[in-house]
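Scrolling down, you'll hit the structures one after another.
In the two complexes below, chain A is the common chain; its partner is chain B in one and chain C in the other.
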Partner chain A sequence: MGRYITRRLGQMIFVWLGVALLVVVGLRMTGDPVALLLPHNMEPDVIAALRAEFGLDRPLYEQYARLVLNFVRLDLGRSIYYKQPVMKLVMERLPRSLLLAATALAVACLLGVPLGTLAGYRRGTAADVVISGSVVAAQSIPSFWLGIMLILVFAVRIPWLPTGGSRTAASLILPAITLSVIPLARMTRFLRAGVVDVLGQDYIRTARAKGNTERAVLFRHVLRNAVRPAVTDAAMTFGRLIGGAIIVETVFAWPGVGRLLMDAISNRDFPVVEGGTLVIATLFLVINLVVDLLYPLFDPRIAYD
Partner chain B sequence: MVTRTTSAITRAMRHLGWSGVAALFVLICVLALAAAGPPGDPHVMQLRDRLTPPGGTGRSGTTYLLGTDSLGRDLLSRMIFGCRVSVLVGVLGVSVSFLIGVPLGLLAGYRGSGLDSICSRLADVQLSIPFLLFAIALMASVGTGLVQVILVLGVARWAVFFRIARADVLSIRNEEYVMAAQALGASNLRIVARHILPNSASAMLVAASIGIGDAILAEAGLSYLGLGVPADMPSWGLIAREGKDYLQVAWWTSTLPGLGISTVVLSVSILGDRLRDFASPVARKLLGVR
Partner chain C sequence: MRDTRSVVLLVLCVLLGGFVFGAVAQTRVVIGNSASIWTLDGSLDANRQGASIYSCLYDYLYIRDMEQTWQPALCLSHKSVDDLTWEFTLRQGVRTHEGHEFTAEDVAFTINRIMEVGVGSQWRAYISPVSKAEAVDAHTLRITTTTPFPTLVDNLALIPMLPKGAFERAGATAFASNPVGTGPYKFVRWVTGEYVQLRANPDHWRGSPPFEEVEFRQIPDDSARLGALLSGEVDIIVNVPPELMGTISARRDLRAVSVPSIRGMYVFFDAVRGPFADSRVRQAINYLIDVDELIETVMGGLGTPINNMVPPMYIGNNPYLPASPYPYDPTRAFALLRAAGYDKPFEIVLNGPVGRYVKDRELTLAIAGQLERHGFKVTYKGQEWGVYFRELRARQEEKDDRAVLYVLGYGAPHFDLATPYNEFLRIGSKINLWANGTFTNVLDAAMREMNPVIRVALLNSAHQMVVEEAPIIFLFQLTDNYGINGRIDWTPRSDEMVWVLEMKLK
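For the complex of A and B:
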């Protein structure tokens, strides 16, 4: 177990270094960040001074090394717009993003498990066709548009819920539903496949032959074996949800890290764009690692040694 | 002639199922509309007719099938123009991923060694960054524009095609017919082009068909965030974004382009789903549950 953790941790650090390199190169080679920061008609010496201030005049490898070293010291530089450390800004908004992603994931599990089980257990029936069809349809809806439609129906036409912000607990409902659609579709699809697979196993025939009620077979034998991989997969998507939340946070003015990143782009706040991107990417890596390491807890058959 | 057409349709039904045929029909209609072009100028403003509902007649006496937006522009013309932009970005974006990923994957899988490990690590890194986050960060730095969106979406997804091409080549490389070609002294290029590529083409076509839907959705998201195509080139995502501020008084300006996106993406993914059955088992596993 210890050796496995060390190896996975080493792998993650390697991948993280690559991600950081991609962020550094991506944000610099594709254009001049300073030119995007400033209005068009700026004096050349002002531009040069700003380049020097952010160290953008240094060679690329030096900029990369400094970013990595600073990140290890949890220093992401200072925001031009807010005049505050980027780390502080990100950390203030991170709990909101995590809350949104966790709620969306909970909704996905609570609805996805019964729907997927029903579709798999009654394979080929009308219920299965409707559920499986909805899954494909749900994955084709742009999340921002779904958000707009939910606002139109539940905040404008029927004024039950707030259109955005985060002042009341009710503000969480619409963004969480919007964000939950993709993981919900994935969960349902995964569980349906799992249930169909388990139903064909010999031990299910044995369980039925022993005279178990169909109810006991479903809950004690089918579900126990089918739920595990689906829930693990859902946990894996948690990291991706934080990235996907950028759009949802913008639609609903939800003050999370994604919103901070978008504001930073429109404020031309380069250090926050770079720092925010790196933090979200890092979070994604860490969550995937944690899920991977927790896997034996879900499934005792897997042991890392 | 009639019987031949009927039998072709029956054959298509057998392979694609009714949903696949319906999806194909929808896509052909959409492409025909895009090819025919908008009935009017999508940019011309008729301020007296602003926010005319679908089917309504504006104060200037013009009737609008899909209504007008907040500047009195004909939504039908904008929708058809936007369809061109969205479909173009989807198809060309995937083509860029394809052109980067597939040759690299073929080479890495066939030659192995140093090139393989470098490219594979690079693909790991690329796939460790959430796709949309990467696209947003890149777009913020390159600025908006049609070419920019296509290139960014293409670059952001190359690793998917790389992995599929590589996995497929690895499974084919040791087949007897490849060894036979090697024994006959065929050059590596010839083996890859004549023996390996045709055998993994189906998997790549499936991956491409799935990728187009994803690219259209991603472009819509980027345009919604103001990081996609410029305002003079409205895609469906951009039209939906423009309409968002008028939701209280005009439901149609945002609703209709969103419906357009969903319909096209749904059709593409149904078709991709049906085509998946033709891909090799190895590639099918990689394509997996989306």
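For the complex of A and C:
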């Protein structure tokens, strides 16, 4: 176990350094942020002073090394645009992103597991056709359209919920539903495929032959085995939703980290793009590791000794 | 019996709740902005949607009224001592939100800080000739400039003034997210990316402001912003796309209001090289663009043709020039092209920003369509603003002879023609793509001239050169579109500032 964790941590650091390198090089290929931030008729000495302040006049390898070392010290630098510490900006937004992503994922799991199980267990029946058809339809709905429709129906026509913002618990409902659609569809499909696969296994026949009730077969043998791939996928989806909910965050004016990053990209706010991306990448890697370590709980055959 | 009592209690609660809620709602106004703000330190940010917030938190030296003429605010009067020195007499009895007296020291501090290189204030470009600001006494301010600067007051009056003491006690970073000003509203809360909340300052020198509470929400999505207005969550929304105005006007309790904007749209020729170096070709292209059709089809009829980069409200605009100098006239266009040696239409690269101006992508594509209608082979290149502007700046250095066009817009609240000309058309500007020495000399003379009459005359003749030489395709003045809840009595201004002090409840 210890050796496994050490090896995985080593891999994580390697991947993380690669992400940091991509971020630094990729960003610098899009132009000089200071020249774009300031009015175009600004004097060269002002531009030079700001470039020096943000270390943009230093060689690329030095900027990379500084980014990595500062990250280790939890110092993400200062935003060029907001003129505030990046750590403060990211940490203000991150809890809201985590809340939105977790709620959307919870909705996806609560609905996706029973729906997928039902569709798989009753494969080929009307229930399966309806569920599988709805899943394909749901996956094809663009989230900006769904978001606007939900606003029009549940905030304008029937004014039950706020149109946007993050101030009340009610503000969470519409964005979480919108964001949950894609993971819900994925979860349903994974579960359905898993259930169909497991139902054909020999041990299910054995379980039935031993006289277990259908209920016991389904919950103790089928679901436990069918849910494994869905768990991995859900964890990855959670990582993606943290930084990738940009459209939902924009439509619902939800001040999450995705919109912070998006604004930072259009403003050429290098420190925020770098810091924000690295925080999300770190979270993603940690979630990945945690899920892998928890895997023996779902599958006793896997052990890391 | 118990049931009856419960029902009566419930009804009372509902009524009382409604009453209390109604009372609170009446003294509050919520404004739905589209752009994000990045600081509450008004001396750094020149963004117009920011100005709506800063005009609540801070005061200005002067402020424009509805007719766009300057009215005294922090400053009562000013005089130019000589070509390089100005003196301002400030209002007495102005207090900061912390209760300290606001003096000439504070104004001098704000200006000198803007002029510091490392601060990176966007206002610096507006007042770049300023060399020093100093307090002569508590209520007299002296400003010296390095060169004659006839538009000092017009530019300076746009800048919010900060209290020195509060700024220094907090430090720049803390001040930017927890500001102290002298304005009609005090800061309460800012959740970045979501809202800014302000509370009335009853001790303001103008007296109590019209609403107890003001909130600026940031709702970037156009439809969601409209949804917030329709549901009554916000009272005013800005930047309504033309096609959504009908939805607002269809509701009896809402108003859709369009006002002429300070922004003009135009297309910049690369007039340094290639076919567009010849003024006849540039005039011909102007004759080929049907501006009325663009306004009708792209802008939903909201816009007015202009004969300049900017609308006619700018100081120096020549009123004697024809409003549409190049009406749609393909026959004349092709005659001019033949005279310039182009018997056949040629290839044109048309660059346009995406997401910078209202309908910018649609506008660029419509222009491409109009040129292609006459046989030109147009390559459309739409780009995100940052990349787009970088390429525009880099165009000066390129050597190829292609016919290149850039769609642009310009608007600035100082309403002075010298500034857009200086930034875009003067030889030596970082973006200029038109080599006209006479124009540059006339503009330079105007920028040094302290006599306002002569200055306007010089700018008038610069404007005439622009119309005759056509370094741009003249398009139209935009409109600013607002959606307003019927309970608010407010007429939007032309300078994009949503000024809460001009609103009241109906």
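Note that the second predicted complex is superposed on the first by the 289 of 305 C-alpha atoms of A that agree within 3 Å, B and C clash if a C-alpha of one lies under 4 Å from a C-alpha of the other, contacts with A are read in each partner's own complex, and residues count from 1 in each chain.
In this text, a residue touches a chain if its C-beta (ideal position, glycine included) is under 8 Å from a C-beta of that chain, and two chains touch if they have at least 3 such contacts.
Model, not experiment: these values are computed from the prediction.
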Side-by-side fit of chain B and chain C on chain A, or clash: clash
Which of chain B and chain C A:Ala49 touches, first, second, both or neither: second
Touched partner set for A:Ala193, first chain B, second chain C, both or neither: first
Which of chain B and chain C A:Gly165 touches, first, second, both or neither: second
Which superposed partner A:Val248 touches (first chain B, second chain C, both, neither): neither
First (chain B), second (chain C), both or neither touched by A:Ile287: neither
Contacts of A:Ala176 with chain B and chain C, given as first, second, both or neither: neither
First (chain B), second (chain C), both or neither touched by A:Val222: neither
Which of chain B and chain C A:Ile148 touches, first, second, both or neither: both
Contacts of A:Ser266 with chain B and chain C, given as first, second, both or neither: both
Clash-bearing segment of chain C relative to chain B, given 115-123, 187-195 or 241-249: 241-249
Chain B/chain C common contact set on chain A: 30-31, 36, 144, 148, 151-152, 156, 250-251, 266
Contact set on chain C toward chain A in their complex: 36, 38-39, 41, 44, 46, 117-118, 120, 122, 124-125, 128, 172-173, 176-177, 191-195, 217-221, 223-224, 227-228, 230-233, 384-387, 389-390, 393, 422-423, 429-431
Residues on chain A engaged by chain B in the complex (per definition of touch): 14-15, 18-19, 21-23, 26-28, 30-31, 33, 36, 136-137, 139-145, 148-149, 151-152, 156, 186, 189-190, 193, 239-240, 242-244, 246-247, 250-251, 261-262, 265-266, 273, 277, 280-281, 284-285, 288
Of all residues in chain A, those that touch chain C in their complex: 30-32, 35-43, 45-46, 49-50, 53, 79, 81-85, 89, 92-93, 144, 147-148, 151-152, 155-156, 159, 162-167, 250-253, 255, 259-260, 263, 266-268
Residues on chain B engaged by chain A in the complex (per definition of touch): 121-122, 124-126, 128-134, 136-138, 140-143, 213, 217, 220-221, 224-227, 237, 240-241, 244, 247-248, 251, 254-255, 257-258, 261-263, 265-266, 269-270, 273, 289-290
